[in-house]
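As written, the chains take the letters A, B, C, D and E, and residue 1 is the first residue of each chain.
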Amino acid sequence: MNARTTGRVVLEVLGWWAGLTLLWQVLISTADTLEWVVGASAALVGALAARATRRAVGDR
Amino acid sequence: MTRGARLIVLALGGAGLAALLVAACLDLPGFGGTWHPYGDRAVEASLSRRTANTIASVNFDQRAFDTLGEMSILFASVVGTVVLLRQTRDEKRGKPEPEEVALPVRRYALIVLPVAVLSGLYVIAHGQLSPGGGFQGGVVAATALHLLYLGADYRALERVRPVGLFEVGDALAASAYVVTGLAAVLGGTAFLANTLLPYGTFNTLASGGTVPLLNAAIGMEVACAVVVLLARFLDQAVEIEEENGKR
Amino acid sequence: MTVLPYLVAVWIFLIGCYGLATSRNLIHAVGCLAVCQSATYVLLLAVGYRDGGTAPVYSDIKPGSRPVVDPVVQALTLTDVVVGATVTALLLALVMQVSKRHGTVDPDELRELRG
Amino acid sequence: MNGWILTATVALGAGVGATVWGVATGPLRRRVVAQNMSSAVACPGLLLLSQGFGRPAYLDLALLLALLGPAGTLVFARLLSDDLAADPPHARGVTLAVAGYGAVVVLVLCAVTGPGRTMAKLLLIGALLIGGNLVASRALSGGFAASRRG
Amino acid sequence: MDEPLIVVVLLLVAVSATAAVAVRDPVHQALVLAVLGVALALLFTVLQAPDVGLSQLAVGSVLTPLLLMLSVHRVRRREKGRKGKAR
């Protein structure tokens, strides 16, 4: 894995992470600090899942 | 007993049961009545501990011991299924064949999977505030993972799902529930009593004392349990072949 | 109307029992058992209902602003829905074992095999 | 009883009633389509009920149904692919009509609630619902190539 | 107050439960059970039990049909294999 592919992977995970954190903010009713922290970690789990599934399907 | 005789016995028993049940229904308090003594007290108790979702408060605070029982039924049935569906000596493991899946279906699965996982986590995390909780969210998060089987194939699912880890997670979550209960005993009160943590501000994530912790433990337990269950069923349906020499 | 929901629960239970007793396929029988289970959910929730009430979930309403239904029966039901599904899985695993050992899932044929 | 609940009563009675009838009778290709339609009809019904009861918290139910309903149809499309390939369902008209109904309900509710988090959630549910059902009905009519699986 | 709604949804549940028993083929039964799950979730919402409705949706829409269909798949494959061998 060279630097370019690593960069692309990081970019993909970051993109999903940002999108899912935004989605969490849509789902909840009131936002506070703890809510942001929990939302960001849940979104990270989702982003990693997205990356892992794409890889599992992609390189066969 | 022949089929006809069995039907007659069934009809007699069924008619008797039906008569008794209908008589019982006519004696129940009428549907939609205002007399709910337990419900009113449960709502009061929940509000006094600042848990917004009364049902979560009943499950994880007022009747937390009962939920421990439910959880052990769940755990036991998962263990039973794993034992029943293990690979026996006269079975071999075939390679699952790759599937041809239409492109829109595959794209849909890949996009919706993270969204469904996030929704499952949201339902777990907000269990003590809005409708939801560990039981529901756990099932959603676990089912979300299986979109990969539905939208791609079983080999792809196997790559991202280490069953051993989920088995460990199942056991860890079950013990986390018990440990939280025992912590209350060490704190000088009763098993699973909700006196350990501050009750927090009403309608925020940290409210309700130990309710969010127990809720999260149940969420993890259910999610891992469903993944392990489905793994066994998928193995049986897709992978495991019987030896030709049998019988 | 004051007894209709209870009668529906009774009907679902009895029809599930009928299916269970007359089933010719063990997988179908497990499905009928799931129908029987749902009768208990309907009965419990019907007992807890209050006319004009709403759910006792205070994330979007103020406590005390509206009459609420009984949360205790709901808590009983919601755990049982999920636990019931895993018990269904256990029964289906048993059915698969029966099919492996005896080569059939018809209860009548199984009886002949044993006797 | 308000207008929202009245609409929901009529829509659920007619729509889900029709799908129950469709799923219990007829050839397999009609049954799977009816199963797919049941979630597509029930989800807008849940949105209407949430509005009618005045409880935005009930929207979570519609969200989960919009996510999981199509997944349930994919289960059948996947495991019945051999039977369905021999006799594929064609239900373009019904699918589009139900998708249109869902879109109308979502747009009307958006107009009533006004901008905010709830509106974003409604639009998300609508997108998931319509996208999911179109994909699910595509999967039923030949989404999985008939394979040699047993 | 919402009596017609409750009656309609109750009838939907009763009819689909009856259909789930009357349909004898396990594949068809799995389809009816999926619809019964949706009908039950609607009933629970109408009876003001959204938590139970969520539970029922999560279990009834994907999990139960998937378990049933995988069992059917397994049993059928076995029967087919036996017939193939006998021939």
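Simple rule for what comes next: a contact is a pair of C-beta atoms (placed from the backbone, for glycine too) under 8 Å apart; a residue touches a chain by one contact, two chains touch by 3 or more.
Just so it is clear, the model here is predicted, and its values are computed rather than measured.
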Margin query: Please identify the chain with the largest separation between its CA centroid and the CA centroid of chain E.
Written below: A
Next item on the list: Could you let me know which interface, C-D or A-B, is made of more C-beta pairs in contact?
Entry: A-B
Check: chain A to chain D: how many Å between their CA centres?
Finding: 28
Item checked: Distance from the mean Cα position of chain E to that of chain B, given in whole angstrom -> 18
Next item on the list: Determine the centre-to-centre distance between chain A and chain E, using the mean Cα coordinates as centres, and give it in whole Å.
Entry: 34
Margin query: Where in chain E do residues touch two or more of the other chains?
Written below: 1, 22, 30, 48, 50-51, 53-55, 57-59, 62-63, 66-67, 70-74, 77-78, 81
Check: Of all the residues in chain B, which ones touch at least 2 other chains?
Finding: 53, 55, 115, 119, 123, 126, 130-133, 135-136, 139-140, 143, 146, 203, 226, 229, 233, 236, 242
Item checked: Where chain C touches two or more other chains, by residue -> 1, 4-5, 18, 46, 48-49, 51, 54-55, 57, 59-60, 68-69, 74-75, 78, 81-82, 85, 89, 92, 96, 100
Margin query: Can you give me every chain pair that touches, using the contact definition above?
Written below: A-B, A-D, B-C, B-D, B-E, C-D, C-E, D-E
Check: In the complex of these two chains, what residues of chain C are touching chain B?
Finding: 1-7, 10, 13-14, 17-18, 21-22, 46-51, 55-60, 63, 67-75, 78-83, 85-87, 89-90, 92-94, 96-97, 100, 108
Checklist line | Residue numbers on chain D that touch chain B, as the complex places them | finding: 57-58, 60-61, 63-64, 67-68, 70-71, 74-75, 78, 128, 131-132, 135, 138-139, 142-145, 147-149
Next item on the list: Within their complex, state which residues of chain A touch chain B.
Entry: 16, 20, 23-24, 27-30, 32, 34-35, 38, 42-43, 45-47, 49-50, 52-57, 60
Notebook entry, point to check: Quick one: in the complex, what on chain D touches chain A?
Noted result: 56, 63, 117, 120-121, 124
Next item on the list: Give every residue of chain D touching chain C within the complex, in rising order.
Entry: 53-58
